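Supplied in structure tokens, the structure appears directly below.
Each chain gets a letter, A, B and C, in the order it is written, and its residues are counted from 1.
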Amino acid sequence: MSPMFYFLAGLTLLGAVASMSLRNPVHCALSLVVTFAGLAGIYLGMGAQFLGLAQVVVYIGAVAILLVFVLLLTRAAGGEAEAEAAPSWKMAVLVGILVAGVMGAAVMTAGRGVPRETGPDPVPVAQIGRVLMAEYALPLQVIGVVLTVAMIGAAVLAMPEKRGATGKGAGLPGKDGLAGQDRALQRGSSERRQKPSDLPESAGRPVA
Amino acid sequence: MLGIGILKGLGETGRNFIGSYFDPKRMVTVQYPEKRLPLKENSRQFPFLVFDGDEASIGLRCVACQICEKECPPQCIYIEKSKDKKPDHVGKPQYYPAVFDIDTSVCMSCQICVEVCPFDAIKMDNQYELSTTDRFGGLLLNRDRLAKPNGYFQKLHPTDAAEIDLRREEERVKAVAKAKADAEAKAAAAKPKAATATGGSTVPQAPTASA
Amino acid sequence: MAPSIDQLFVNLLHWVVGFLPEMVRPWASLVISLGAILGVFALLFGLTTVCERKAIARMQNRLGPNRVGPFGFLQFVADGIKSLTKEDVVPRTADRVVHFLAPLALLVPVVLTYLVLPIGRNMVVLDLDCGLLFFFAAGASTELAVFMAGWASRNKYSLLGAMRAIAQMVSYELPFILSTIGVVMVAGTLSTVRIVEAQAVVEGDWLARWNVFTPWGLVAFVLFVIASFAEANRSPFDLPEGESEIVAGYFIEYSGFKFALFFMAEYLGMFSSSAMAVTLFLGGWTAPVAGLGWVPSWMWFFAKLLTLMALFIWVRGTTPRLRMDQLMDFAWKFMLPMALILLPVVVIWHRLGGGWMGWLVCAPPLALAWVLLGKALVGRRQIRPRTYRYAEG
């Protein structure tokens, strides 16, 4: 429990509180990024290099970007949100308390039997890789399949809209199974794209 | 194959890169204040006033007709006509501009003043180094700064100037001839008159009557 | 003598740190090394901007900057002083806090990437076990800074520029990372130092084992460099700052020193991804052939780095800007499949142990994939002289 840990924990908590209480949705997203960064710092401080860096890559590099993109594409990100509670706020509070209780109980019981100051003992990445690829090969592949299905599902959801917007022949849906954020972009660019026959000769030059 | 076009393009720029160090003819720009590219004959910046002879106050071709002032789209010309007159190249008495200002910060170099001038008095200069520390006074050119001799114009636009000089010379010759003819006619008229005066003839009465 | 020059800076660091108390030595070593690296790269950044302007001018048969200092090489000092003394304008409706934080949030991760770059033998600030992952983690954090800059300016052009930049960076991140996996598989480590050591000349061999000397390494190198063009928002992928449509992209509303910070972050990002390309594919600080080991290792590194930078500049002077759909098509329909095809090829190469047999087996499928994917991308559209519907005659 070094001062570094307290600093990072404070930062994480501060970010979490700010992401709930700030009015501007983009500010909320950015404070959530602070939380992610604080968590990554805590992981790194505990010697879990791979986990900490993966946290940065996945959460700051992808999830946060996805969040801000969703904000920008769905609503005016400039406006301040009205202070109004969702209709199901009582349910939300209940769920929150339950989750917090379960997690708190887990944290309290998990610490038993383990010496407090184990000290950072970095696990080599090669070992993590070996375990993932040998022992947990099947779960890893199942997760891969689940993610692929989700991606295909997202592409399917976008299908009718795409067909209606651009007419036949302008890009079959799902042929470039993109993750959600890029699909939205792709849609934006393909709406601007005309049918090939509408373009003047060789207007759409290839990259070559 | 993908990428061939890029490689070709890289080759082209690479050739330019190396070539520009060895072949000075490739360069499209020069080191400006030290070296200058020769200007094209028809290049133009701002107008100036042409005068004949050596003295601007005598030879200025402008007769202050103010056509250019009226035609100027951004209205950068200001002319005040003189009270008295002085003879032009054909000897006819004409007004001259007492004040002739061009605000080059307003001028858009359209050359319309040159097109409309019936006296070939205003022409386009190709002087472009006009930067000044006085943003109002320094860019407002008055008559004395605008007046440039015909020799300068001949050097600037040789073709144009030769044509104009030829025409003006013809006009002058014609005018001189006419003046001579007039003078002769007058003399001829005066002679008979004198003759009548002495001789008492009645035939050449008409000129005196018309006068 | 050679080893002493090679280890000159390392010994210098040890000597300086030796004066400090035992407690602060690791931290002092970190700070001093990072400071030195930043100083060197900042100077390099300044000189490269001048070189870039001069080189592109020459490619267009112009003269380029040649007034400040000898041959104009001090132009960057003048530019720096100018940007420092300029007024810092913040739009009235801008989000002041985020607007202020964005350049810092961009610069800090970019600077962090330099921690894991081995710029010479024993010359790395942090020899992390997963250094490559650290590099990508820091690189991934820059996207958010771009968004912050674009959004906080309250300018539709900067927002559009940020959207374009993020879309492009997210799309090219995949081939960027995937193209390096082969290297990791062959070297068996994520540590940048180990990866470089694995590429050194082996005793009794004349050629170094650079990854770029293998069929898959060559293709991966090309993919990595193309993706790093896109990551750095450089031509031909510079449409986030397309002057003709959105003026300057996400840093429209930045002036003075903040603009200079953006500019510097972009350049340092370019340097770090070039340096990573050198580390992964061009053998880092190792010599290309046996018998050249007497040249100091950091000299090799910087020679390779500057060669790559020259390539960046050359490409910038050559290519026009892509359209958004072309950009996305290229990322998803060419780069990504190509990077995925690489993975089995790397495995085959590794199992065969390289050599001419490896070339025979691995090179044809890669070439075929390149040609076919290129054909599929370009389609039936042929490159022919452009015709105009109304402008002719």
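Here are a few things to note about the model shown:
Note that a residue touches a chain if its C-beta (ideal position, glycine included) is under 8 Å from a C-beta of that chain, and two chains touch if they have at least 3 such contacts.
Owing to the predicted nature of the structure, the values given are computational and were not obtained by experimental measurement.
The minimal number of chain-to-chain contact steps leading from chain B to chain C is 1.
Of all chains, the one whose Cα centroid sits at the greatest distance from that of chain B is A. Each chain gets a centre from the mean of its Cα atoms; for chain B and chain C, those two points are 60 Å apart.
Note on chain placement: the centre of chain A and the centre of chain B lie 74 Å apart, centres being C-alpha means.
Between chain A and chain C the centroid-to-centroid distance comes to 25 Å (mean Cα coordinates, whole Å).
Taken residue by residue, chain C touches two or more other chains at 374, 377-378, 383, whereas all remaining positions touch fewer. Shown for chain B are the residues that touch two or more other chains, namely 2-3, 5-6. Shared interface positions of chain A, defined as residues touching 2 or more other chains, are 207-208. Across the complex, chain C is touched by residues 24, 26-27, 30, 33, 49-50, 53-54, 56-57, 60-62, 64-65, 68-69, 72, 77-78, 122, 124-126, 176, 178, 181-182, 185-186, 189-190, 192-193, 200-202, 204-208 of chain A.
Partner chain A is touched in their complex by these residues of chain C: 95, 98, 128-130, 133-134, 136-141, 143-144, 147-148, 151, 154, 159, 163, 166-167, 170-171, 173, 188-190, 322-326, 328-330, 332-333, 374, 377-379, 381-384, 386-389. Residue ranges of chain C in contact with chain B, taken from their complex: 55, 58-63, 66, 314-315, 317-319, 334, 370-371, 373-375, 377-378, 383. Of all the residues in chain B, the ones that touch chain C in their complex are 1-3, 5-6, 9-10, 12-14, 16-17, 19-21, 26-31.
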